[in-house]
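Reading through the structure tokens given below for one structure.
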Amino acid sequence: MKKVEAIIKPFRLDQVKKGLSEVGIKGMTITEVRGFGRQRGHKEVYRGAEYQVDFVGKVKIEIVADAAMVADIVKVIQDQARTGEIGDGKIFVMPVEEAIRIRTGETGKEAL
Amino acid sequence: MKKVEAIIKPFRLDQVKKGLSEVGIKGMTITEVRGFGRQRGHKEVYRGAEYQVDFVGKVKIEIVADAAMVADIVKVIQDQARTGEIGDGKIFVMPVEEAIRIRTGETGKEAL
Amino acid sequence: MKKVEAIIKPFRLDQVKKGLSEVGIKGMTITEVRGFGRQRGHKEVYRGAEYQVDFVGKVKIEIVADAAMVADIVKVIQDQARTGEIGDGKIFVMPVEEAIRIRTGETGKEAL
Amino acid sequence: MDTGDTTFILICSALVMLMTIGLALFYAGMVRSKNALGTIMQSFIIIALISLEWILWGYSMAFGPDKWGIIGGLEWFGLRGVGMEPHTVYATTIPHQVFMIYQCMFAVITPALITGAFAERMRFGPFLLFSLLWATFVYNPLAHWIWGAGGWLGRMGALDFAGGVAVHVSSGVAALAAAILLGKREGYGSEELRPHNLPMTLLGAGLLWFGWFGFNAGSALTAGSLAGSAFVATHVAGTTGALSWIGMEWRITGKATTLGGASGAIAGLATVTPAAGFVGPISAAFIGVLAGVGCYLGIMAKNRFGYDDSLDVVGIHGVGGVIGLLVTGLLANAAINPAGADGLFFGNPGQLGIQCIAILVTVVYTFALSYLLLKLVDKIFGLRVDLRDERSGLDLTQHEETAYNI
Amino acid sequence: MDTGDTTFILICSALVMLMTIGLALFYAGMVRSKNALGTIMQSFIIIALISLEWILWGYSMAFGPDKWGIIGGLEWFGLRGVGMEPHTVYATTIPHQVFMIYQCMFAVITPALITGAFAERMRFGPFLLFSLLWATFVYNPLAHWIWGAGGWLGRMGALDFAGGVAVHVSSGVAALAAAILLGKREGYGSEELRPHNLPMTLLGAGLLWFGWFGFNAGSALTAGSLAGSAFVATHVAGTTGALSWIGMEWRITGKATTLGGASGAIAGLATVTPAAGFVGPISAAFIGVLAGVGCYLGIMAKNRFGYDDSLDVVGIHGVGGVIGLLVTGLLANAAINPAGADGLFFGNPGQLGIQCIAILVTVVYTFALSYLLLKLVDKIFGLRVDLRDERSGLDLTQHEETAYNI
Amino acid sequence: MDTGDTTFILICSALVMLMTIGLALFYAGMVRSKNALGTIMQSFIIIALISLEWILWGYSMAFGPDKWGIIGGLEWFGLRGVGMEPHTVYATTIPHQVFMIYQCMFAVITPALITGAFAERMRFGPFLLFSLLWATFVYNPLAHWIWGAGGWLGRMGALDFAGGVAVHVSSGVAALAAAILLGKREGYGSEELRPHNLPMTLLGAGLLWFGWFGFNAGSALTAGSLAGSAFVATHVAGTTGALSWIGMEWRITGKATTLGGASGAIAGLATVTPAAGFVGPISAAFIGVLAGVGCYLGIMAKNRFGYDDSLDVVGIHGVGGVIGLLVTGLLANAAINPAGADGLFFGNPGQLGIQCIAILVTVVYTFALSYLLLKLVDKIFGLRVDLRDERSGLDLTQHEETAYNI
């Protein structure tokens, strides 16, 4: 099993979610995060004092899936999250050793 | 070392935390997340316009622990987080290669 | 590739970020989390009712980097996040199998 | 008719209306965020529901032609006969309808106060029905007894300047009945039921304080010395209520809290309400101190007796109202208000007895009727949300909305 | 001069000013959090911009010496000749400047109402320019026609107590023009454009309701029976507006919403505005019901026709204003206000015709001029933020601020 | 006694009371969320603390029987002799206690203004003590000098309609002393000390503006021409203050900010305060422009001189107050207010000199006393929270509460 972790632009979340559903992904977990990267942040000004805010709002998607699904998942995310502009984000793939469904105690692929 | 990552229903957090303390877990990190899965989300209506919100508020617990502890941890979470209804969540187990305590520089088990 | 995950005190974030930039880290992802550990939480009182809040606000930093960089990263975080008091936090190192830049499709080190 | 007085009561009506908005925020800030809207809605919609009830039959029941000292007749149903000429007894210098609408705002806020007791767990439909019944069968008679021309408590000489009987004691006692009957919220005592937005609560408290000037000073019904005196007494009691409450906290838990400051101010304001037009500023200061200490202890009682009066309506309005009516029997001063009477400390011990009767009657009547009405609505429709809905919160399950998407 | 009346209009002026603050919150709570400040700012800065316009030329254009029934002359530019002695026609018991500042607050809130239609997507500079032009070329003439001494609609006998023509219909129609011309927000219909802070919206609605007493009762310009009557009608219509709106919701979607309660109240208040000083409380209750039902359907229309009137200015103020002017032609009662006239139901069918003309004229004039002004500003400066800015939100891109760092 | 005037001052008192609530929100929105409640509490509890001080000795010191032009005697301690008959000098058409309570609200808001300077870092207990001492030894004498019957500044002919000397300059100067003495917040200049909730700040600004009508127009103490004139001047200056401030921003940073709009409005309102009853609307517009530009530059000064006046009390109230007193010496017009005097531009250059003396005296006296009192409290109890508490925030460490659990 693998965990696919993707950092994307928030406004693409719906599209990515839809795409993933279409390739058969039944579950995922989303976290609001702030990203630092090549994409510049923004300036804010309060009573003449300027603040450079380096962090940009992003959404992290985590999907644990069978290794066989990883390629599909990555492709969908790439297709649906890409705007072509800096800051589109990253996909990371990590190993997962076990998965358990709390409700039933099922493990492995069955748990997803 | 392993990381146990559990996605649970928020109102079970206190119970899970208590259970984990009892089996000797001294630390964990919690994140508010939103989950997408078999559990249906909810409908919201604003001035007659309906929105289907697919995401459900969940809490993610991360515990890095010695591999020997994993079974215990998983059991506690299963026991304390289970309500028996869809959406109780998942537990994932992942490898961790190193842990360091920032304050002291201790590593490995000592750092937890 | 590795993922370095650090849980630190929020007010040290800026310093850590600066330090990491200096050793050449170009990207990272930040999440607001709540930590449970040796550091005691705090008491809150509402109309005479006391609540013991065990969780402490922390910031999680995630950096995916080439394995060769890990030692540097860990060192910077240790240096910049340490205040010497309980609750300074932890650093965890985990394996990452693949990284992809969504915008370009680059993979591996190129993607970071 | 007097343009100054008319202006005064019109603006005071607007101020008292704003109090219910303030109350909505005061309460909503104290609940968990999943119930924020449901809590606001309970106060907000009561403005609409009870105002309609008021113009249809409420005003007539409370202030209409007296029947046996017990209730107003329905002759004024739908405001028939309630026109623009001043009434001959009530507020003789302003249009009758202006007096009516001013009183409307009192009828509105009273059931809204109760909602704090059953916060976070009542179904919306049954809540509406209960509020309507309660306004009709509890508020209207009480208002008639104490303020209606010919009402028996008023005729007996009970002193209640701006709402000890009909507003604070009644809402506090109804709150107790509701808290007992509905039972505790899930997690009460074990989980963290912390306020979700205290700045909102403080804003609400601020609006309440602001509006209370309309509530108490306006009850003079004319813009003269009495209104001035009530205004000052109100402000002073709010002040010493806040200070004495945080003083109690400081002694007991070691810190003064913001919520305590706001609660103490509200306690002071509620407690001085029945006395506002009968006492001078120093008495008012003393009343505020009693309020801060008494209501703080009143709130502690909840923990001892174990009912879940979620936002402390019993502890603040019930206890405050009782204290206020009692001290009116002690500190009332006919020199301040010739239309009033002297209290015990000014040589008239009988007044205290009368005040006790008024309290007793209000407590017994309100508790019995409120319990009955709650039970009735519960039997037929079910008052309480089911557990799953309670966990999801009122906002989603009762209204299909979320308060915040920030 | 009368101190009661002067107090009344001064306080009412303050209340109407507060309405625009209330509106800022009412609107801002409904947008996404990235546009919260931009939305508040649009109302807030209009207070400043249009007040200045008003003392410079606006008041003179609206209320200055009549030219051909169509516009006020610029004789009163910069308030020359607008002093402290009462005017001989307008509000004869209070200083002339007090009348002027009271009217100022009406001129302010009207363009602020429009901002709901183009929420979340207009550039700040062009927005300022458009608002200034609109106030000058749409509001000022309309106000003159209906309320200015010699204005042709007023002379024709059109009844509009507190702002059907110049305030609600005009802002609603301008909103339609703006929604059409600016086009939809990105994601409209597909993404979740949910309110980000409904408690803020409810607070805004509360402040609006509170201030509306100043708007409608104050329009009597003297603190007597008429003010009292308008106050009661206003409150009652807000009340039945809220109840009927949530009734509609309950029937159609199965739940009453908090936003619905607030929207219905505003609909009721807006709809009763032109009628407030001409009808009794039962008529007002009826008007509120019409408002709740009519404006709810008005809002649904948006989905049918497909324009993105983001915060439903057309559905609430446009539809409400039209209904209000029409029912004034039905329910106006000279017994309530001898300076008014009877409506159809009181034996004067002609009034309905006059009201229809007033509506028609307002709709046509406002739509044409608004569209023209928007087009003009768009051509020269560009009204709409570019897509990237729309995604980032107005707060960051127009003002370099973020609303919340919680 | 006049019901119109009594209504006017009662409602104005309520409005000025609401200003301190508005201020609490205005300030709290600008701090970091961990200090939100602590900041609100500082204003809220001052309402209670200083009101009590006022009825005990404050009113007597400020307005009681004059001693050598310097202070009021304690004859009126606890409001002895302050009854319901109008005073013979102060506000002769309303009950004396009404004048007293109106003035109370001024005494309350002034120390609350100062709290902006030491936001996010003062301990709660010492803060209370300092505020009490400051009110007693700085506010009361200053109020007596300028407004008390027999006060030497007033007798000298200094013009200060509603609070340049005692309210704005004094709070601004005390703020400077506090900012210097307490030192900077940790992270000042390096970390992001961004406002945590600007919608709250805007709401606060709105309530302040609303309440300011009570502050300035109410200072006429009777509801007539003067009140009307002051009301208009106030509104106009708020207006041009907001516009000129965002104009400055637009020029300098390229964007107009929402916080800038609000700050400019407050600057305009503060600056026009001493002049409100002495100038016409066009002068007021000019004063607002001066305020927007002057206070914007005043705020910039902070960065140059390096003190951490956290929420810009010096820049807005200090600078605004000084400008306001000065321009009163230029633009005062006896035609507007016969009880006033002409300024330089109306042929009376001497007035400017008098105003300068008033400013100088206020600045020197306030700075010296404020510094002394701060030093004193600091020595005995310690003013500043320790570093760990500063990091955790006032809410947790001073009050054991959290503002938000959303």
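So that you can tell them apart, the chains are marked A, B, C, D, E and F in the order they are listed, and the count of residues begins at 1 in each.
In the analysis below, a contact is a pair of C-beta atoms (placed from the backbone, for glycine too) under 8 Å apart; a residue touches a chain by one contact, two chains touch by 3 or more.
Every value quoted in this text rests on a predicted model; they were computed, and no experiment measured them.
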| query | Hey, how far apart are subunit E and subunit F in touch steps, shortest way? | reply | 1
| request: Tell me which chains count as touching both subunit B and subunit F. | output: A, C, D, E
| By label order, what chains touch subunit D and subunit E together? | B, F
| task | Round to the nearest whole Å and give the separation of the Cα centres of subunit A and subunit B. | result | 18
| Mean-CA-position distance for subunit F and subunit A (Å) | 51
| field | Centroid spacing, where centroids are CA-atom means, of subunit A and subunit E in whole angstrom | value | 45
| task | Would you pick out the residues of subunit D that each touch at least 2 other chains? | result | 2-5, 7, 11, 192, 194-195, 197, 203, 253, 255, 257, 259, 400-402, 404, 406
| message | By the touch rule stated above, which residues of subunit A touch at least two different other chains? | response | 31, 44-46, 53, 94-95
| message | Once you draw an edge for every pair of touching chains, what topology comes out, line, ring, star, complete or other? | response | other
| So which chains end up touching which? | A-B, A-C, A-E, A-F, B-C, B-D, B-E, C-D, C-F, D-E, D-F, E-F
| Parts of subunit A lying in touch with subunit C, wherever the complex brings them together | 2, 6-8, 31-38, 54-55, 58, 60, 74, 77-78, 81-95
| query | Touching subunit D in the complex: which residues of subunit C? | reply | 44-51, 53
| note | Touching subunit E in the complex, subunit F uses residues 2-5, 7-8, 11, 15, 32-33, 194-199, 202-203, 205-207, 209-210, 213-214, 217, 222-225, 227-229, 231-232, 235-236, 238-240, 242-243, 246, 253, 255-259, 261-262, 265, 280-282, 285, 404, 406
| task | Using the touch definition up top, name the residues of subunit C that touch subunit F in the complex. | result | 11, 14, 42-46, 53
| In the complex with subunit B, residue positions of subunit D that touch it | 187, 190-192, 391-392, 396, 400-402
